[in-house]
Structures are given as structure tokens and as C-alpha cells.
């Protein structure tokens, strides 16, 4: 068949198309600009002084305001979708995500993924693909590194799978693996401008914080966001098809919920502007336009990193159409109520009292 | 109680928390960028050549296109919300607003407020707080200065109030207090590019202008705008809570209506790209998504400022779901019809015929 | 009548106001920024590497990522609306559009139109106005040149029309008239980063490509877009008026559909990042918020331009609420089904195998 005779539109890889150790360089490198930052602010209302103000960022040792870590995550993630998850049934998890070099407006991000695990499901209809994705800047420095696994449809149930393997993944990123920008000194910050008088020593393991506020999701917003990330997962955009599907609705990109929860978490965590690592995450239930997102956090662990900085390991849960004053989460058996939508385990950087 | 045992989320000040002469430095300094300008254009469709074109701005003596005055206002205003009006019942008024140094992309805005008035209401449930807010740039220059007063709930009706005072506020900003950028010469502009052949001398006191066009408000739009300003007032964002409230709807931020009316007013006032001062303003009725905004203006006063420039004092009224050909406004008793939503008194700069 | 006594708001030109050879310099020059580019990405999700990445653009010989050609088109087009089509009944067609100098963030666009044709309709209620519009940058270089014709209402059916003429327009822009940036060498690109392994030689005349994906349109999105372009056509914005009109709905700007179709066409045409020319276009049916847009393309013609580059002439059709696997289009009599909304004939640049 000549190239011209085949349909040139990409329909994505199926489970049997992946091979262990396969490396995929993803399309569309992306220069991140002040325009992306502004739209991200308009979408989530982030108020961390470090990302909002060049002057503030300089006052704590950076050359200017870095791009929000989750915007970097979403852009890198978006690049992987056409190659990894266009035929995904479910996004199962994240692990070992580390935010390394800060990203500044003008930097160009590119992404590469390596298949590190494959496991066919017993029904032979689907399998789980594990990829380690690396985001780099235009100097080839790694800005982000993470593992994601996803359940992908088979094109042909009868197709044989060459080699399978389930990777061992760390339960959490260890503090010795954090990348704190060497020139950064959050301890030198003006706490009034940052918006909080709470530093590392004021947070205790087991402490719970209700972030109080809620944010309703609109179709135009989650689609603007998801397109900004050049994420092409079809379930977010096509009401004509989704209207006939399982939910009768477009699904909101899970990353949109992560960013909403992170935005809400400013209220209680204003001094924690940088995500160091994501240990794991689960989208417990789907979110649709019209849902209102609330969030709460629990301090899981703390780690002093230097005289200036500490790290707090947080678990942030988000709900739909439910306030978080009673800290809703999974029951003893690990089952989530229908209105809990996110359970994210991550580390943030915070200044110490000096 | 240890710091860790208390909920770290901010729930805002109540009336009895304020003190006369108290100064509050607000959180989250904000670098304004070309990204903010673009999103602002997308939200309101502004067409003033001065703010749209670096080339045009240079042709009239500025180093580049300044940021729209109302975008500056909204960003400065947004910073004050967590400290001043999170527990507000109503935003009562503005006065003595002066736009001083122009703001350019790359400038960082910060805000400080001083409590200049306090007056408890006779019901002891609420009180009125008057603040003077100053917005500054990264060089410490004042870009904006205004007074706002707001009715704030008491936490405890029995709480005593230390000292009360109602400030005397000017009915209008006087022309001698205007700040016109010294290098600016709008009289040198190309009127075709600016979009109008009407200059200072063509406007007469008492003249009324119907701005003709209408703009329908969507939930996604007013929320994008209000988050862009990092304004955290809860009534704009949380349908889950507001759905059970007085209106059953999210309220649109009053400043969104000011910007819509200003955008519409280009049609008739294209040669008045700079706001010099806001003398007062009233949000006469609430606006909800789905409402269509129209606007009209009346010339209240004119003042020649120099050989190049004059100032026109305007009163711009906006309506919801009502055209403005009949110039709707308050009745003789000062009562507003239900469909008038804004009554704004302000000064604009305009070139003279030379 | 003194200037002050007349309403200063513009209500647009009527058919009898136009004169053959009349030249109109349109208002509001516009500096295009990285902010506009980001919002454009958020609206359409474009993934062409050339426009997304400064690093990629440099790797193929440009100084940085150029602004998407259609964003340039929409901005130039928007400027013409207040002068040309505020009283239009229908936008009838485009022809002879050539994209000449690339536009980069920071460039300032201005637009001028010349009336090249006038033809009154036999009912004397309307007439067709043909204009040639030129968009220029701040150095006076032409970035875009196109012909558009539009049916415009008469103010007064009895008004006489001075001179009429229907211009002869080319059925297609000829390859010798294309402007390829001299330093550009797409053949040097990394096809993995561009997202396609198909180059010029792989496309055959008559080949049809289903772009597979669909995108649902929201009110907030098309209004954000149309305001970003400073396009003031009233039918897009005013539900209060349109709700009582022919459709009972706001109409989506036709250019929004062109950009959506172009965004979708990446899937199958990823190596064709630059539009060289638009030969003609038809908005076959109106689109409203809630409609889902799909698209397909047919290769009409191919032309080798140099050792590095070829051009492909495409016809891209878009539908509402209908998939394009069966390549829907007009019937033999040229009549379009109700769900076909766009039929666009244009040339794109594509690298050759070298």
C-alpha cells in the first residue's frame, strides 16, 4: 500500500504495539511563555509569590519568576498522549515524579518516554503500559522525570505480547533525591508578600488543613487548559461522541483537578511554592463541568533539607460538590466515596525559621 | 494552642479586627506581562490604539504600549480582598482613585492599604471599613491610589470597637491632581489609527452617548478574569455554595462589569484611551452569567489640561438585558431600575485640536 | 449640527457609502505578543512544531517561532469589520489571500482596505462590496493580502450607486506567487519532533484524509477568540439581541471554525505548518455553541517549489455534529448538507524528501 493510500491521521498505539525498553521521542517541542503563565493564572488563580513576581523571585535568589511546576508537568504530559494513551481506558497512576531544573518563560520543553513495564490483563482486551517520561529544556537539562502507568486497549485480542515486566516503583521520592535550585533561599523571603507566617517548623505530621474555598469547573475552562497543554485525549473535547458514551459528558482532564486543588491549597500552604516531587496520585472519580472542587491536605512527613529549607510531604484530597471540613477520604478498605476525586501524595519545599 | 493545631487557612478579617490607621501590606506581588494583556483583550475586546500597539504608543511619546488602567486597578484591588473584604456583605463605593505612573509589561505590582475609617452599624452585626489602597511598581513608584469602603461582618456582635471615624472624601478628583505622563502627546496621534475624529473640543457637557453594542457574560469568562486578578472573593467561584444562597447563582465581580462597560465605550470615546481618575462608582444591581451588558455615557464636565490634552469627566452607566438608547438611570429619588447595574463617575484623557 | 449633538458611536458604513477605489485605513494597530500566541493555543490546541517552539523554528532557519498564519489573518480581518462589514448580511467569500512576511511576537499589525468592486442587488436593499485588504507590519512590509466580498445593507433603498464593477478574481493563487521565507528549510527538520513521517512526495492528488478528532465549541471560547481579534461583529456577542433574531442564538465567527479545522488537520498534515495562500472559502452553514466540529481534507493539487519544499493545495471541509469518515461535502448540484459548515481551498508548505 502506498503511503498516499493510507489515512495519514494518527489513531494511536495499542497495547501490542509497545515493547519493553522502547524509547519514544514525542512530537511538538514547546516554548513556554509569559502568555502561558498568564492563562494558567486565569485558569487556576494561583497566588504563590514566587511564580507571580519577578521581583519576589529575585529577592530569594532566582533570576526571575519560574513557571508553575504543574504547568510544566501538564505540558510534558500532554506530549506523551498521542503516543502513549490515545487508546487508554484508564490513567492508573503516577510515581517517582521529580521536578529538577526550574523552567522560565522562553524555555523550550521536549519530552521522551521509555517503556519500562508491560502487563497484559487476563481478559486479553487490554494491558497496562508503564512509561518513564523525561522532560528536557532547550539545553538538554532535565526539568521533570516521572513514571506513569495506563491501561491501554489491544487492537486485536489475539495478538501475542513479546515480553512482560512490572517495574518496581518507589513508594515515595526520597529527600536526598530532591533538586532545590542552588541559588534559591526562601528563608530570605518577606512572609507578608508570600502570604503566610507559617514555615517548616509550624507544620506537624498528622496535621490536616481544610483549604476552605471551592471552585466550579466550566467546559470552556477545562478545554482551554487541556488544549493549552496540547493534550489531545479525545474524551475531554468531543461532546458529540461523549454524549453517546458512558457518562454522556466530556470528562475533565485529571491534571486540571490537580491544578485546581493546588490553587486552592494556597490557603494554608502559601509558603510552599515549589513542588519537589510527586510520590503518587489517583483520580478516584471522574469530574464533569458544573462540579465544584474543594480540597484538604494532610501532612504525611517532614524533612529538613538545609538550614534554609525543609520539605513537607502532603496528601491532598479533592472533592466534587462537597466541602472538606470533615476531611473526606477513602474508608478503611481503601474505597473512595463517590465525591472524592483526587488523592495526591507529593513533597513541597518550604522555608525554615532561621 | 500550637501553630500546627490551628487550621492554617485564612478565613479573613471581621469588622472588629480592623483598627484606624492600621496598615496592611498585601500578599502576592504580581508581574504584569504581555500574557495578562492578551487575556484582558480576549475578555473585553478593548480597541484603544494606545494600549494595543507599541508602534502607536511610541508615536505619541511613550516607550511602548501601557497596560490598560483597569487591568492595573483589578490586580491591585484583587490583592486587598483576602485582607479587607473576605467577610464583606457589600462593596459600597470607591472614591479618589488616581492613575499615576503608567504600567508596562514586566512591571511588578504590589499593594498596601491603610484603614482610614470605621463605622459600626446600629445592628452591631456589621460595620463599614474605609481603606486607602496604594499600588506600587517595582521601583516603589505609585501607579494607583484609591479609597474603597465595604460593609464587613462582625465575628461577634458583642465585640467592642475601639475608635470610629468616617473619612471626608472628595466628590471628584480635581484636574490639578491628574498625572499625565510627561512625554505623552496624544495630540500628535493619527486619528484614523485611533479610530475617532472627535477630540476634546467636540464633547459638550450634558452630551449623552449610546455605546450601542452589547456583550453577554459567560461563567467561564468572569471566572477567568477574576482569577487572573487573583481576586479570591468566594461569591464569584463556588456554585455549590452560591447555589444554595440568596441568588442561587455565582455573582459576577463588579470590576468585570466596569471593564465590559469601558470596552463598549470605545464606540464613541475611541480617543480617550487613558483613565485619569475614578471619582466614584456604584454597582447598582448584581450581574449573573447570561446577562448582556450595554452601556451609555454622559459628559459631566470638561477641563483643558494643556495645549495638547483635555480631560472629560464621564458618567458611564451599564445595564443588563436592556439597550441604552433611552439612557436609563436612577429616578429622581436616586433609585435605580433593576436592570441598571453600574454607575461610574470618572475622568479620561483626550487629545485637543492643535 | 454640531459634532457634540450627534451620537459619536459608529454604526458602520452602508452599501451606498462605499466608492470604487476608496481606500480605508483601519483603526487600532495591534502588537501581537506571546500572550496572543498562548491564548490562541488554548483556543485551538495547535501542535505545529514550527509555531510552538523557538528552538525548532531556529533549527529550520527562522529567528524564532512565527505566529500562526490564521491568528494573523483573524487580527487583520478584525480591523476591517467596523469599516466594511458592520452592516453586512452575509460574508460571501475570500480569494487571492497570500501570506507573505512571517509575523513574530512583538510585531505590530495594521490594515488597509481598498474597495475593488461594488454590485447592487436587484432588490435595492443590499449590495455586494469587494475589498482588497493588506496587513502590514511596523516596518511597512506586507504580511497578508486578500480579497473578501460581503453583502451589505443599504441605509436607503432609494440611494443611487455611483459606479459598479465586479472584479475578476483568480480561481487559485499560483505557486509562482507564493512567499516562502528565504531562510526557511523545513527539509532540515526533525520529523519526530514535527510529528509526521509524511512529506511532499507522500501526498497524492485525490487523496482524502479524515482528521478523526472532534472539538465542541463553547460560547466563552468563540467570544474570547473573536474579542482577541478585536472583531466587533455584533452577531457573535449579544445574546439579548440575537435571542430575538433569526437563529435565537449568537453566531460563531466563521474564522473560529477555520482555526478549529486547521487545528484538527494537524492529525494527518503535521508537516504542513505554514499556509501559503487561501484560494477561496465558504461558510456553508452557521455554527452555534454546543456544536462539535470535525474536519477532513482532500489533496487538490501539488507543486514542487524547490529542492527543499513543495506546496499542497488542500480542500478542507468541516462539519457540525457529524464525523467525517465518509467525507461529507456538497452534492453534484453544489448544495451543501446542513451539517457541512466550511469548505476551504488553500495551499500549505511542506518539506520534500531530500
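The letters A, B and C name the chains in turn, as written, and every chain counts its residues from 1.
FYI, contacts are C-beta pairs under 8 Å (C-beta built on N, C-alpha and C of every residue); 3 or more make two chains touch, one makes a residue touch a chain.
What you are looking at is a predicted structure, and each value in this text was computed from that prediction instead of being measured.
Taken over every residue number at the interface, the positions common to chain B and chain C amount to under half, indicating a different-residue contact. Think of chain A turning onto chain B: fitted on CA atoms, that turn is 120 degrees, to the nearest 5. Rounded to whole angstrom, the centroid-to-centroid distance between chain B and chain C, based on C-alpha atoms, equals 36 Å.
Shared contact sites, meaning residues of chain A that touch two or more other chains, fall at 33-36, 38-39, 105, 218-221, 224.
Residues of chain C that touch chain A in their complex: 33-39, 41-49, 52-56, 65, 105, 192-196, 198, 202-204, 207, 209-216, 218-221, 224, 267-270, 290, 292, 294, 321-323. Only residues 2-5, 7-11, 25, 27-31, 33-36, 38-39, 82, 105-106, 108, 110, 138, 218-221, 223-228, 230, 232, 234, 237-241, 250 of chain C touch chain B when the two sit together in their complex.
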